[in-house]
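Take a look at the structures below.
Next come two complexes built around chain A: one with chain B, the other with chain C.
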Partner chain A sequence: MLEVINLDKAFKKKEVLKNVSISLKPGVYGLLGSNGAGKTTLIRCLVKLYHINKGQIQYNGVDVIKNSAFTENVGYLPQKFGLFKELTVYDNLQYFGVLKKIPKGSMEASIKACLEIVNLKDKINDRVSTLSGGMIRRLGIAQALLGEPEIIIFDEPTAGLDPEERLRFKNILSTIKENKIIVISTHIVEDVEACCDGLIIMNEGTILKEGSCGEIIAMAEGKVFEVKEGTYINPSCYIQKSYLKNGERVLRILSGKPVGDKQLEPTIEDGYMCIMKGI
Partner chain B sequence: MNTLIKNNLKLFFKNKYLLSGFIIFFIIINTYLIEGLYKLSIHRDAFYYLQISQKLSMVYFIFFIFISYEYLVKSKNDFILESLSIMDKGKLKLYFSKFVVLLAIMVTVTLNIMLYDYIAYFAMNVQALSFAYHIFLNNILNIFLVSFLGSCIGTMISLYVRRFPAYLLMILSAILISPIFEFVPFVLFMGFGKNIYPFREIFNILPPNLNWAEEALYGLSIEAYRWNLVIFWICLLSSAVLLKLRTKKHKLQSLVCILLVMVSIVNFYLYTNPGSIVKKDYNPKGYTPFDELYYTNDVQKEENADFSITAYNMALVIDRQLHNDVKIQLNEKAPLDSYKFTLYRNFEVKSILDKENKNMAFKRDGDYLEIFNPTSEKLEEIRIIYSGNSPVFYSNSQGVLLPGSFPYYPMEGYKRIYLKEQTVFIPIIREENIDFDVTVKSKLDLYSNLNKDKNNFSGKAQVATLIGGFVEEKKVGDVAFYSLMLSELDTGTILQIDNLIKPYRYLVPEIDTASITHKKVFQAPHTFSSRVLENGLISFNDHIFVYSLDEKTLIYTYLQSTVPQNFAKNKIKTVLFDYILDKDRFLNIPKEQLENFKPYEFHNMFLKKIDDLGEDYVIRATFDYLKDKNDKREPIAFIENLNTGGH
Partner chain C sequence: MNIRLLYLSFKNLKIYYFIPLFFLYIFLPVLNFGMVSMSGNIENSYILVFREAEKYIPLLSFWWITLIFKEYISGDGNEVLYCIDSSGKVKLSLIAPIFLWYIIHVGVLFLGYSIFWDNVLLEFIKTVLQCFFFVSLGYMLMYISESPIISFMLLLIYELLTIFINSDIANYISIFENGNRITMNAIATKYLGFLLLSIAFLVIGVYKNKRFYY
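Presenting the complex of A and B:
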């Protein structure tokens, strides 16, 4: 189990994480939050890229700061990820493999297995410069999977990807998630809806809510309404989206009090927004 | 690690910008070196080739700054660092393995230049292992370490600075170390009297003197201070690089960082104490201006000593500079209040002791040393302990040029040692022979006019000359010739010297075959012949200095040894020897020039006397005048008064 206990992180005087505590058992976790919420900082603390000011991160009860082998158990795909374009797919993964201390004898098999998962086995001898952006992201996932780590952390893995690649990412997740702690940081709620066992919602350096998808959806129960455009709406309400329905423009409203006469079934995005907006 | 290095090597050679940069660099240096080989057929000088090859140092420095920066900043630009950084020492291993690739390239291109130097070495048939080693050391210091430093700068900039300021910094580094930048301290010093040379020198990592005449005894400058300077920078920058890459929990990395800083500090301290160096630039402490500026003022004295020296017992240590512990045996007619000596001003006297090892008070005034006798008795013996150096007459682990005519040890009385009008040193030649017993501790195999027994030199002589470096002893007939290995002369004339002197025997009957062959002949290096009066042609009773072995030079040097050293008579001496040795040229000086051109005033007077009194008479009379120590007349008075029937 990976536990974050009362974690504080500040850059000079700016507090970025405030008393963050979470517990992660094997499963897939979506780390949701708006830009600047502290998701990347929390992730970088988890992978020991940042030194923490206060608190502790424990893995299986051991402080990760004192456990130098901890990061050998972590696969990490940063938000901005790149590879050596001049090298082949194999050479690049071999580079990571060496640093992850994968034995020479099993190197090739490990690389091929990871490429199989991300569906890039046929590109093994291609130069990275010939691959598309989506393929490079998948290669990033492959490098994170190298060495079969117990913890895998993806920071904004689907940012900038087309729908097909995003779907492919979800498929990869379902392939690899067994017995692993996987954390996916994103601000795109729909990415985590289908594949996450739990969600962690962050805002301004604090954890607003931690729970299953059902629990997040439940936060919007009885708070989602549909009204025609032009209807008077209380300023405390939040307009989730606007869309055409039967030739008429309607609004999806989140409100603590009933608005109009049509109540809707909440989605995970509604639950997330209710938490974020305090509805 | 091997796999990382292999992949990083691929990375270097598969990147079109890095590869094309390397190819262009490779073509430039090889074209330059091949052109040098072609010129070698004209110069026929392996040392000259080494000198021109080391000029590439600057090109190597610039190449490795930029190539290292571009190569290492790629990891940043390719956004690969963050994912590697989470792994144990991931970033450090990445940079280290990349640096190993750069190191391999550095070694390759250093070997490249070394190969050409050795081709020149073998083609010119140098046959001096010490020079082969000198080539190696030069390439390590000037090419490899300079490239290494360039690489350290590039690496540091790639880690600390963003792209635009990075380029500015790299360009600034290149300018700071470039010889072009030398004009800044030069202009400031010459124009405004502001001396910023010490600040500029810290960046002066390129080999000096490459545009000056070769110093064949010394080789190229590879003094310890240059190693100290480059190691200082390398350690300092490496510690900055490691500081950025280290992970705080790794104590070993922090320890290495501290160690590098400490090595850097030690080397900086050693750099600030360079000792004797040969640096031919316009630095006020350098080869040319140090003496030129000092002697511009009226600082020289002349005073005969009231005592004479009967023996020197010197214990010399030559490391970074000269250290001497000398016991001087004195012959005093009566007890003296003070004893006056001449000792070059840049030798710092640490203590002066009497024969009972009691300290004595002394006063130093430039080249002059006055020792006060605390008793009312004769001192009989003085012990002087001092150390120092001269920018011209060097003495260090690389070369020793200590002619006995230069007061590197205390000489009796106050003597003028520098002629400011010609910016040359006046040789001091004691007339009588005295006892010398000199023990030298030095890495070099030294040669002397004195008898050598391992590291001890002894015998009766006017002076003690010590020479070391690229010099070897050769027997030419019966004559011992000390030849500069890197500037060999045709020694055929030495075999003929007896015959060459014959026509002049009527003038100098005291010169016989034995007096010629017992003299050791030292080949003077460029520094000596350019910074000593009369192109450094000096004759002592037991040895001579010559810069060439052509007939006229040899005859002149041997003949002038019969004439006592008297600077006041120099003008007439020059005219006499000009006439004797090059009569045709002398007689062909246009009449108009002879009569109107001031430097020919003496020539004109001399010729008129020859016309009036006859050649034979004037030559003999002039020779007698030069030989007669008691004749104190000015040369002009002598020549004006020269008449038949007694001069």
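Presenting the complex of A and C:
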């Protein structure tokens, strides 16, 4: 189990993480929050990239700062990935394999297995610079999977990807998730809806809510309404979206008090927005 | 340091890997041959040959580091190189073998020089100290400026200032001999001072390297 206990992180006087506490068992977790919420900072603390000001991160009860082997157990895909573009796909992964201290004898098998998962086996001898953006992203995922780490952290893995590549990412995730702690940081709610067991919602450096998808959806229970455009709406309500229905434009509203006469079934996005907006 | 990592780092440089080797094994020998012809005999060309050598060899000691560390400092997703490497954030374990590999090549060139001139061992020691100074200063500057290219440009500016501007300050801060025959006394005084300065730059570089992601 990976536990973050009362974590504080500041850059000079700017507090970015404030008293963050979460515990993660094997499973897939979505780390949701708006831009600047502190997701990347939390992730960088988890992978020991950042020095923490206060608090502790423990893995299986051991402080990760004191555990030098911890990093060998972590796979990390940063927001942008595009290193060593003049190497072939194989050599590129070999570079990371050497850094991860994968034994020479099992290196080739390990690289091929990872390329198989991300569907890049046919590109093994191609230069990274010749791959498309989506393929480079998949190479980044392969890099994170090398060495079969127990903890895998993806920072905005689907940002800038087309729908097909996003679907492919979800398929990869379902292939690798067994017995692993996987954290996916994103601000795209629909990405986590399909594949996450739990959600962590962050805002301004604090954890607003931690729970299962069902628990997040329950936060919007009885708070989602549909009204025709032009109906008076209290300023405290939040317009989730506007769409055409039977030739009429209607609004999906989040409100703590009933609005109009049609209540809707909530989604994760509704739950997320209710938490973010304090509805 | 893993040799495989060094090999892959060099492989990623493609043709740019060969630039320092071109200077060491083709450009300088051809230039030196011209100087010997110009001077009339080998002994008279000594000053000219080593004055030219120190113009190129120390600066080029930072060439490979500049290109390899472009990935480590400004590459997309470079943070992964600082967190998955269990040897830690400090990248001296990569810089040291690159420096050593360069010095081996410089050694081969100076071995060639030793056939024609005496005092080459002292010239070699001087050159190694100059290279060490450039690498330490460059390492510190690249983690301060967060750009290996800016660091290389600053080293180039330092070299141009100290070689081509004839002023008291430029002479005082110059690590070059600018046409003087190197002596044991100069190694034990001037170059010992520069060695200590290089170590100080290295220590500051390690500190800035550690705090690159902090």
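Before moving on, here are some points about what is shown:
Keep this in mind: the second predicted complex is superposed on the first by the 279 of 279 C-alpha atoms of A that agree within 3 Å, B and C clash if a C-alpha of one lies under 4 Å from a C-alpha of the other, contacts with A are read in each partner's own complex, and residues count from 1 in each chain.
To be clear about the criterion, a contact is a pair of C-beta atoms (placed from the backbone, for glycine too) under 8 Å apart; a residue touches a chain by one contact, two chains touch by 3 or more.
Note that the structure is predicted; figures quoted are calculated from it, not measured.
On the shared subunit chain A, the superposed partners chain B and chain C overlap sterically. With both structures placed on the common chain, the touch criterion links A:145 to neither chain B nor chain C. In the superposed model, A:83 makes contact with both chain B and chain C. Looking at the shared chain after the overlay, A:118 reaches neither chain B nor chain C.
Applying the stated contact rule after C-alpha superposition, one finds that A:279 touches neither chain B nor chain C.
Touch criterion not met for A:52: it reaches neither chain B nor chain C. Residues common to the contacts of chain A with chain B and with chain C across the two structures: 47-49, 51, 68-69, 71-72, 74, 76-78, 80-87, 91, 94-96, 98-101, 140, 143. Across the interface of their complex, chain A is touched by residues 1, 3-4, 7, 10-11, 14-15, 74, 77-80, 82-88, 90, 93-94, 248-249 of chain B. The residues of chain A lying in touch with chain B in their complex are 47-49, 51, 65, 68-69, 71-72, 74, 76-78, 80-87, 91, 94-96, 98-101, 104, 140, 143-144.
Taken together, the chain A residues at the contact with chain C in this complex read 44, 47-51, 68-69, 71-72, 74-87, 91, 94-96, 98-101, 140, 143.
Within the complex formed with chain A, the chain C residues making contact are 2, 4-5, 8-9, 11-14, 71, 75-86, 213-214.
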